Amino acid sequence: MSAPLLAVENIGRRFGGFVALEGVTAAFEPNKVTAIIGPNGAGKSTFFNLLSGVLAPSAGTIRFKQRDITGTPQHRFVHLGIARSYQITNIFPELSVHENVRVAAQAFRTRYDIWRARAAMSELDERADAALAAVGLLGRRTTTAKFLAHGQQRALEIAIALVAAPELLLLDEPTAGMGPEETRDMVALIEKLAADRTILLVEHKMKMILGLSDRILVLHHGRLIADGDPCHIQSDPEVRRVYLGQNDGYA
Amino acid sequence: MDAELIAMQLFSGVALGAILVMVALGLSIIFGMLGVVNFAHGALFMVGAYAGLYVATLTGSFWWGLLVAPLAVGAFGMLIERVLIRPLYGRSIDDPLLLTFGLGYVLVETVRILFGNEGMPFPTPPELAGVADLGIGYFPIYRLFVVGVVAVILLLLWLGLEKTRFGLIVRAGARDPQIMRVLGVDVARVWLMVFGLGVGLTALGGVLAAPMRSVDPEMGTLVLAEAFVVTVIGGMGSLVGAIVAGLLIGIAISMTALFAPEMATIVMFALMALVLLIRPQGLFGKPGRA
Amino acid sequence: MTASVHSVAEVMAGPAGRRGWRERLARWRVPLSVLVLCLLPWVLPSQALAVNVLIYGLLAVGYNLLFGYTGMLSFGHAAFFGAGAYATGIGIGQFGLPWFAAIGYGMLAGGALAFVVGLLAIRTRGIYFSMVTLALAQLVYYTALQATSITGGENGLRGFTLARIDLFGWSIDFLDPVKKYYVLMVFAALALWFVSRILNSPFGAVIEAIRENETRARACGYDVERSKVMSFTLSGLVCALAGALFALHLAIVPLDILGIQTSGMIVMMTLLGGAGSFFGPFVGALAFLLMEDVVSLWTPHWQIVVGTVFILFVLFLPKGIWGTLLAWRAGR
């Protein structure tokens, strides 16, 4: 077994008196797909926000490549090698598809340069177009992002994350709001991306998760109640009870 | 510097703060519900003072001015919401702010045309002139009256928010606008009423303030800045915050006026800067809202 | 892989023709602006109007960097305009600085003030930010009002009239309005070039990203707060230069320059012309000042007309004159 890429130890987050997440410990090996599931309000989003630096944990530590990164400001995460997509599409609506990805690529080259011409930095165009090609959006590169179809906007968001060449990719409900066809394309894309990077995803669509994931984590009321391969999770009595009780379509 | 003077100045601050509470409360109620910062709020304060003066002169009674002006200006506020603000819902949050700023401009000029550029005195009603001996010092009766009126209004507001269906809707809506649709409330009408209420409060502040100073077309400018300071210190959208911070600023201004008069207009901004450094969401604001 | 390389070439060829005129316009925007500024005194009805368009246009350009490109609606930019003007006047009148050093001093003062105000104000977002900038600018106003011995208080700052200025051995008659205009214009042109470079720079892409989506910009690895303070300071610096030119032009600095009306006027000009476009602010300044000139011929209450026009723009033409023209041209 190789050393874990990411390890969280006993992390938790409170909002005032409300405990959103508590005592979660888990380690993630490289190049695996792990799905995080749980009923609404289980703490999935909080978990993702802690892993991507949007929130700082109120307890516990996060290690990435053996290094303690707890409390690192959010904008540093992508430079460490952790990129994410959001549950609600999060792009630059008035910029072109190409500019969306290009500005993301630029963060790795220069951030405060007010003097040189950015148009001359052609390697950024190449990086951006490579990421767009990877998600199948190269043909739309001059379209203003807000005019893309929903599924394409989600793909664009993944291209924005990909251009960072992240070792760990966090996908928050990548197929939210998608029809069957768009979902199929997205699953194919994730499978392709999973070949050489570690992916964590939050999802609701069970069939998709079972086919895609190497491992599943189940959260309930802010706690980790099950952790294992899809077969193991499907037969776990507590998971069945939680989902049947919630009537969330799992049964 | 004797204790009596300090007590009188402290009370002066409370009266000044009471006016600020009215203005800031109106601003906060509108923001909490509609998500709109009304940059014409200061101008409407001034319009309230002029309306009060006009009605008082016409009827020969301060009391009619005090009653009619806030209602009339409040109704005018509803008209503003209906005609100018409503088309902007769903657009950038900056748009209502820009529009109300332009509106303030127009209101100030309109008053200049109608009443002239010069300030006008607003006589204290004879019933409320003079001073009262409260044992610890002499206090102007009119200021006692102002504090009393504001206290009554706050009590009425509190009762209205806690005990009526309208209040329930407002409180629920300020927390989560989605809830109002679930409850089947006519959102457009609630927003109309809330905007009218907020504008009426600032107009009342204008009428109440007028006898303590003179009225002039520019009187709303400083008030707008003061109301912003109060809102930033108290916390955006927090009604308790508006009350506490309003009184705090009133007292801070008048105490500074006693000890370091040249700093009196500056002290509140310094307090705001301090709050921004320590607690950017304001004393009673929720984090993340800032 | 070859397929995707092929399609890059394909897709790049197509829209280049359609977008061509915009790119050409962008490439020539500084020379074009300077050309227009050169002609301004001869095409406008008065010299006074030309120099006002120059100064207020530059002011709006500086403001546009923050409002139009970074998406931050400041209501306190009078403070940096005023600080630039006051510091320039004080530099000449009280420290005896040469005039060009005084301009530098004015920019330094305005830029430093913008840095401090920016640090405080960016702790808040959205409309909250607008309120805080307005309040902090009021603080500057009242401080200037109280500091009578330095600023002249209510009477404004006086006593730094320049009759002649010397530059590289030349002596220029500064009381001649045309010569004065062209001296001031050189500084405005330099500033336009500076702003244009910022907009074309990598940082220019960062602030647009922040305007479009702050959360995403942060997730992309940009320190949003630091970038905002930088944008705020750069914007304040350009506005301070406009203030310095204002001081040299009028040879007095009225206290009103720091007032809320000035801040509002900056916002109005920028929006009237078109926020977020390079030429918009100048178009807006020209429209605003022309409107003021024309309307005040028949009523002293020109502000009521300007305010009404502004309201109508917010309602029906939020992209402003230039922005609407651009969108209309692009849509054809």
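When the chains are written out, they are named A, B and C in that same order, and each has its own residue count from 1.
By definition in this document, contacts are C-beta pairs under 8 Å (C-beta built on N, C-alpha and C of every residue); 3 or more make two chains touch, one makes a residue touch a chain.
Heads up on the chains, UniProt names are A = ABC transporter ATP-binding protein; B = Branched-chain amino acid ABC transporter permease.
Quick caveat: nothing in here was measured; it's all calculated off a predicted structure.
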* Structure fact -> Label-sorted list of chains bordering both chain A and chain B is C
* Structure fact -> Greatest Cα-centre separation from chain B belongs to chain A
* Would you mind pulling out the distance in Å between where the CA atoms of chain A average out and where those of chain B do? => 47
* Asked: In whole angstrom, how far does the Cα centroid of chain B sit from the Cα centroid of chain C?
  -> 33
* What whole-Å value do you get for the distance between chain A and chain C if each is reduced to the mean of its CA atoms? -> 41
* Send over the residues of chain C in touch with two or more other chains. => none
* Structure fact -> Residue numbers in chain A touching two or more further chains are none
* To do: Mind listing the chain C positions that touch chain A in their complex?
  => 4, 7-8, 11, 14-15, 19, 197-198, 200-206, 208-209, 212-213, 215-224, 226-227, 230, 234
* Interfacial residue positions of chain C with respect to chain B in the complex -> 73, 75, 120-121, 123-128, 130-132, 134-136, 138-139, 142-143, 145-146, 259-260, 264, 267-268, 271, 301, 303-304, 306-308, 310-311, 314-315, 318
* In the complex, chain A residues that touch chain C -> 52, 73-79, 83-84, 86, 90-95, 99, 102-104, 106-119, 121, 129-130, 133, 138-139, 141-142, 160, 164
* Asked: If you look only at chain B, which of its residues touch chain C in the complex?
  -> 31, 37, 39, 84, 87-88, 91-95, 97-99, 101-106, 108-110, 112-113, 221-222, 224-225, 228-229, 231-232, 236, 262-263, 265-266, 269-270, 272-273, 276-277, 280, 290
